[in-house]
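We just call them A, B and C in the order they show up, numbering each chain from 1.
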Amino acid sequence: MEKNIEAVLNKYPEGSVDNLIPILQDIQEVDGFLSEESVVKVGEYLNMPASKIYGVATFYNQFRFTPLGKYHIQVCCGTACHVLGSATVLEEIEKNLGVKSGQTAKDGIFSLEVVACIGACGLAPVISINGNFHAKVTSESIKEILDNYRNKE
Amino acid sequence: MSKQNNYSDKEFLIDDVLRDYSNNSKDKDLLEQISILRHDKINEPVIYMGSGTCGLGAGAGDTLEAVKKYLDEKQVSAKIVETGCIGLCAVEPIMDIQLPDYNRISFQQVTADRVNDILDSIFQLEVPQADILGQFDTPEAKEWKGVKYLHEHSFFAPQKRIVLNNCGVVDPVDIREYIARGGYKSYIKTVNEHSPLEVCDVVEKSGLRGRGGGGFPAGRKWKFANSAKSDQKYLICNADEGDPGAFMDRAVIEGDPHKLIEGMAIGAYAIGATKAYVYIRAEYPLAIKRLEIAIEQAKDYGLIGKNIFETGVDFEIKIKKGAGAFVCGEETALIHSVEGKRGMPRPRPPFPPTRGLFDKPTVVNNVETFANVPAILQNGAEWFASTGTENSKGTKVFALSGKIALTGLIEIPMGTTIREIIFDIAGGILNNQKFKAVQIGGPSGGCLTEENLDIQIDYESLVNVGAMMGSGGLVVMDEHTCMVDVAKFFMGFIQRESCGKCIPCREGTKRLLEILESITSKPNASDPTETLDRFKGMMQVEKLSKVIQDTSLCGLGQTAPNPVLSTYKRFKNEYEAHLFDRYCPARVCQNLKVYKIDVDKCTGCTLCIKKCPVDAIIGTKKSPHFIVEDKCIGCGACYEACKFDAIEVV
Amino acid sequence: MSFLIKVNNKEIEARNGETILDAMERQGIQVPTLCHLKDMLPSGSCRMCVVENAKNNRLVTACSTPVEEGMEIQTHSSGVIESRKTIVELLLSNHPDDCLYCVRNKNCELQDLSEELQIRERRIKGVKNNIHLDRSGTSLVRDPDKCILCGRCVRVCEEVMGVACIDFINRGSQSIIGPPFDRTLNTSSCVNCGQCIMVCPTGALSEKSHFPELISMLNNPEKTVVVQYAPSISVSLAEEFNMPAGGDISSIMNAALRKIGFQYVFDTSFGADLTIMEEAAELVNRIENGDTLPMITSCCPGWVKFAEQFYPDMLPNLSSCKSPQQMMGAVIKSYWAEQLNKNPEDIYSVAIMPCTAKKFEAQREEMTSRGITDVDAVLTTRELGQLIRMYGIDINNISPEATDSPLGFRSSAGKIFGASGGVMEAAIRTAYNMITGEELLKFKVEELRGLDGCKEAQLKVDDLTINVAVVNGLANARKLLDKVNNGEKEYHFIEVMACPGGCINGGGQHIGAAEGAVEARMKALYDIDDKETVKTSHKNPEVIKLYKGFLGKPLEHTSHELLHTHYYKRDVIL
């Protein structure tokens, strides 16, 4: 990853602050997200505090700060799912993976996100893993589902 | 003029067309070469594919593949040109065919499966009537009998295309065609014959006003920057088109990028800037690519660079990709973004023409504004000012979307009425539904109703009725649109896009959104203060909106309450229905939908009971079921499932 | 050039290029602001200072709009009042309703405005903020729920302190202020200076309090609770009790501290005298031996952390001397404890400082001698005010008392430590003596006094020319150090104080100081120096006694062990 950053930075030899956004765009293009490490590197290069860079990056819709996991889990929190206990499901998944919504697990296998209604109210509570729906999940069935994916690794 | 061997197109265009810009000779050789470069005179068939983002979205890529395959298989030699969008997005993909000596002819909705039929017939000089859109009036070419001219088409006839004239017609990444059609002449003439101040004068006299929303006279803005003393000045083109429902900047850059470059070059000369930026949305990859190519071509022709055409004028353009923030449409926010900062606006004065990018004098105009400039310098201020209304001159590009028969991009003279646009140009409301309202000017604009339809569009007339020109988005709504829902949609957008710097915009838009959410959310009997809060919230809407308008730092906040205020003013009854009766008259707001089972139609099949995610339906087999309103979450699963139309929304 | 403008139908003078706010302030016409910072470019974010342009009835912000000839302004039209009121109501709509529990209760700009604008009803209801509290730092507590995003802290941290450990994060209603990447203050580059607290209009930023422990210690019969107070406290505490700035109330403070239950009361200025003895000796040493120069002061813990983070290569330039607080603490728990026959472990040593970074300094691992912490708890000037109020002491009605001896006498050189330039001046007086064996004829070094961010002087000591510089405000330090590093400037000795103006304007001082208060505090310190006869640290009889009977000579073994320290590069996000 460090090499990637070097390569990106080399494209901006003048190192002036107005290159910040293009540099971040290029890094995200290569790495898929902006890591703390890359932000600090860019800061050293542009002689700019990390807080400023993070402030800039969080201002714009384009930038993200966590890589997606290999399996991206979306927990629907639409009304139907909510009524049928999606909150418990979410809690169970968070416990199982040791991450909160919006985060990616340390091993990089799973990432978790809460989404608005994904239009499968009849299957509630529903979660989607890489676009595949898992219907009527319960806190018991979660373990099985997640283990299935784990075993694929 | 004598044509030597190895005399390239480039040399010809530079030496005989651009350097010799004042030569109006009717030299036959010269005219012939130009008409070849214009594709007026061709030796083999030319197939033009509308390849803007809209065309590609509709399948132009597949169509093009099919065309190539056809040509390959039939061993037909033809030239393929990928153009931008001609504006009729509703009937994309659009494919034009030009046969030697014949008028160029345009076909609509040419999906890949239509290619063989169309090409087969046209090569046999037959016109496949069903696919026809119209024919061009190609100089010295034969007309297709029985085929309507495009300029007579109801969509095009009322238009006046200054900005869009080349869009969808020319090859956007062929500088030769642009120059052959008169491009860059304006620029070379300007730098040779006019002082920068004279250019500002011409633009001011033309009455051109900023097309990005505010409508500030462009010439006056340029004069401020022209008179500012500085070692460095900048010109910025704002192509950060962020309004949902506006796509004219994208269309211009995809369809005619050289026009933008020429307009910017003239603007830079007028204010004394040698460096220019195009701030363009990263979400417009195709536009960025074409602009990059166009810039390279202009460099190659010596139109960008140092000492342009030995006039001592320097000019360079850089592309800056926006990273996604609507507020960067505001010029000081945009400047901060170009500087690599958070795109937050700052108080004005000082205005950018005195202190802008890197604290140097800077002019920011949008794409459409610059695209008007070459024609103004070419034809003069009087020519431009002869179109339009008293205070709004020239034309305006509008992006038509929503429930309208023909969605797309049009350019009309200022002073055209909204009725003409919707009913004459765009063919009325989709599926012959009843017109309800039109949102003009994007999220910060306002919505207008039947009674405003005969307003002649200009900057002031729209503001007078609580809307604004904005960048020219025009979203049409019919009877099936809930105006509260529309207001909520726009408010949600503005709220998400508020930069958060000033309190009234940051907190005020959030509160307005929360109020709209409260009147569209499901009644909650268990919360004792819910009803009171809902009423109290709604009572504050107008006062709160006024403070947001009066005190916000930038244009985004100052116009943020418009969608709520204009819908509230014109559709009070709808708001009241949501607020008092907890009912959505257009049946759009899901939380307020009440599903009922018609006992006469219900057969007691229990399908809906099985589908209901919350067990809100009770009943036994073969007897009519019943929906428990308190439990129902309005998801509509039962409605979708019922085979007997027994479930209705009331 | 000046001309007239009309404000509230009365003509006032306005100067070309200034803002409406500037012109009105000169005339004593007030409008509220929540984001304005004096001497900085207007940010225009709070919109509280809107006034009505009577010519077109439009609202403009006074802080950012330049005056124009013939302008007519209404500062309190009904439209203006309604707007301001609504803005405050919007802030209240998601602000926690816990004023009674808030550290800034009765000293909060938002609360004041809400009261002034007669907000009596919750017209606008919003979802309350719920962001986690950051108590990770040793000195500061951040409560983002109470943050109104005025941005003053961000600007002070960046523009005045050159640190920029926090910035705006996210956008719109999701905006918060904080360190990058969800870090907490303790792993950020925060130097604990507390200048952010000074400008925070609400309770979003405050110092970390050690009250409960302190109170239990005061009531613990097995503990000897001693207190020292920094040189600048006696000239700023009065403001906590609505008295004018600049009064020196040290003897009243001594009495009040004893009433609270502190058994022994010391003035840190004695510690400052010790610092001068050691630092001057170190300087002379470095010059004579050709060691690393320039030497840079190390009494300011904000600056020390700043150097450890941003200038690790310059750490050898920092004087190895501990700060006066820590020297005082170390001497109390060694020499003084010995003299009074007390077990150092039974001494609870409290320091009252104008500074939040001192809380951080006191708990640095290096700040222990023989396994015992030099200082156990640090209170700010503000906290002392609270403590005096808590104990119901009427400071207007109290007889003056003296500090305790031994360690009870200070020179005025130690006292002027409180102002930027004071350390340098005091060090020059003693270093001169150390080099020449004579006393300076002219003690005052006028070039080093005053509130300028960067001051320089050239001094002749025998045939040696010594170049010195004094900077305050870490952003100024950054500029100066960069010049030193690139060879543009050469000095022998540099004094750095993190806070603008030095400790008299420290991050632990009174919040909401009146205009001119800092100048008044500074004047009070220099007045003391003018008035008193012992103007040099090396002439302080108790210092002489301490060296004779206990420490030996400056930089010798005992001094070295008790009074000197070391620094290291810090692993924080920069």
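Assume contacts are C-beta pairs under 8 Å (C-beta built on N, C-alpha and C of every residue); 3 or more make two chains touch, one makes a residue touch a chain.
Quantities reported herein were computed from a predicted structural model and do not represent experimental measurements.
Peer 1: When I count C-beta pairs in contact, which pair ends up with more: A-B or A-C?
Peer 2: Here the pair linked by more C-beta pairs in contact is A-B.
Peer 1: Taking each chain's centre as the mean of its CA atoms, which one is most distant from subunit A?
Peer 2: Farthest by centroid: C.
Peer 1: CA centre of subunit B versus CA centre of subunit C: separation in Å?
Peer 2: Going by mean C-alpha positions, subunit B sits 55 Å from subunit C.
Peer 1: Quick check: how many Å separate the C-alpha centres of subunit A and subunit B?
Peer 2: Whole-Å distance between the two chain centres: 32.
Peer 1: I'd like the Å distance between the centres of subunit A and subunit C, where a centre is the mean of that chain's Cα atoms.
Peer 2: Going by mean C-alpha positions, subunit A sits 41 Å from subunit C.
Peer 1: Where in subunit C do residues touch two or more other chains at once?
Peer 2: Residues 168, 170-171.
Peer 1: Residues touching two or more other chains, restricted to subunit A: which are they?
Peer 2: 55, 59-60
Peer 1: What residues in subunit B touch two or more of the other chains?
Peer 2: Those would be 325, 342, 344, 499.
Peer 1: Using the touch rule from the top, collect the residues of subunit C that touch subunit A in their complex.
Peer 2: 158, 163-171, 179-181, 188-189, 573-574
Peer 1: What residues on subunit A touch subunit C, complex-wise?
Peer 2: Residue list for subunit A touching subunit C: 36, 39-40, 43-44, 49-55, 58-60, 65.
Peer 1: Provide the residue numbers of subunit B that touch subunit C in the complex, in ascending order.
Peer 2: 325, 342, 344, 346-347, 349, 495-504, 506-511, 514, 533, 536-537, 540, 543-544, 547, 550-553
Peer 1: Where on subunit B does subunit A make contact in their complex?
Peer 2: Per the touch definition, subunit B meets subunit A at residues 282, 320-325, 337-344, 358, 499, 611, 613-614, 633-637.
Peer 1: How about subunit C: which of its residues touch subunit B in the complex?
Peer 2: 42-47, 50, 58-59, 61, 63-66, 79, 82-83, 86-87, 90-91, 93-94, 123-127, 148-149, 151, 168, 170-175
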